[in-house]
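Input: one structure, supplied below.
Chain lettering (A, B and C) follows the sequence in which the chains are written, and residue indices restart at 1 in each chain.
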Amino acid sequence: MQADREPVFGGKDWPPHYTFVPAVRAGNTVYLSGTTATDDQGRITAPGDIVEQTRQIFRKFGQLLASLGGSCEDIVVTTDFFTTTKDYAKTAEVRREFFVKNRPTSTGVMVAGLLRKEALIEISAIAVLRGDHR
Amino acid sequence: MQADREPVFGGKDWPPHYTFVPAVRAGNTVYLSGTTATDDQGRITAPGDIVEQTRQIFRKFGQLLASLGGSCEDIVVTTDFFTTTKDYAKTAEVRREFFVKNRPTSTGVMVAGLLRKEALIEISAIAVLRGDHR
Amino acid sequence: MQADREPVFGGKDWPPHYTFVPAVRAGNTVYLSGTTATDDQGRITAPGDIVEQTRQIFRKFGQLLASLGGSCEDIVVTTDFFTTTKDYAKTAEVRREFFVKNRPTSTGVMVAGLLRKEALIEISAIAVLRGDHR
């Protein structure tokens, strides 16, 4: 069991002064940071729309995993932290878009707040890549 | 390091339209979804009783892990999300029932809400199976 | 893929009646319990100071990982649960002290409460040890 490890940036610039990275691959496991629906300029993409925010988050996960030869279908765990339950049930439609072949586990809780004020949801995830990516 | 993966249903029916599964096994690691104290009909089993709700959650984890040849003794991580601290300390007695040989790690935080209104606690977990289950 | 497993105490006494352990090593992966800034007597070390509380938490993680031949540089995932956003951004300076070579992922959410009243932050983590620690 090797523990080779690399940060994962998905082909994008990442500020060197940030004290975390978007994802870390350790062996075949990929840990994905808690992610909100920001665009490349760091702006929340769909203020007030939890469904579209969820879609943007999985798009970002998809880009990160694609850079490792994977996709959102490799996600095994999702943890949703949301600030409202309004329309949360509708985020299932987004999961159906990204999880066609494989369904991950899910944990979802309402929190007291997220760091980004416009963010309605933050999702962290774990993926396990198929094949041998070491 | 293989990344073979399978959803885990513990021998029970699971709605195909659900966008998550109760657990996923990836290699020897089993990721367990955030779980509340529901019975087979989806009803919260012990409204107002966080201790009995916790017991029901570990029963459900036990059934899932048993279907893989394991048990709650294989759990290495538990994360408790609760909506009240009242009687939370008493859930330790339930852990003593299920964790006789091996104690897992624990994280516990009070959240602003859970999706199921009668749920006082939701627990997610990670287990690592002994032996070679690939 | 072996699933050898051991509790990790970092060379300190740990009450046998506790129903969790500070960390569990399973193969090369180390799961670290949600941890608050307590000293060896269980007292919160820096009431009101989220930065110093964060430093104490990573000190404790460092001691646990050192007992396995590792360090905080092996951490791949951190999850921060905090009760205030005041000065939370300043905890980045602590991360820069402990994560010099490797940056982990990060998830951070404000929760409704922590079990220890003086605790402003609780952090859980996952580390992956380099080399072969089995």
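A few comments on the model shown:
Rule of thumb we're sticking to: a contact is a pair of C-beta atoms (placed from the backbone, for glycine too) under 8 Å apart; a residue touches a chain by one contact, two chains touch by 3 or more.
This one's a predicted model, so the numbers in the text were calculated from it and none came from an experiment.
Touch-path distance (fewest steps) from chain A to chain C is 1.
Between chain B and chain C, the superposing rotation on Cα atoms measures out at 120°, rounded to the nearest 5.
In this structure chain A contacts its sequence twin chain B using mostly different residue numbers, the overlap staying below half.
Chain A and chain B, compared by their mean Cα positions, are separated by 22 Å. Residue positions 1-2, 27, 79, 111-112 of chain A are each in touch with at least two other chains. Chain A makes touch with chain B in their complex at residues 1-2, 27-29, 76-79, 83, 85, 88, 92, 95-96, 99, 102-112, 126, 128-132, 134. Considering their complex, residues 1-3, 5, 7, 18-24, 26-27, 31-34, 79, 81, 111-115, 122, 124 of chain B touch chain A.
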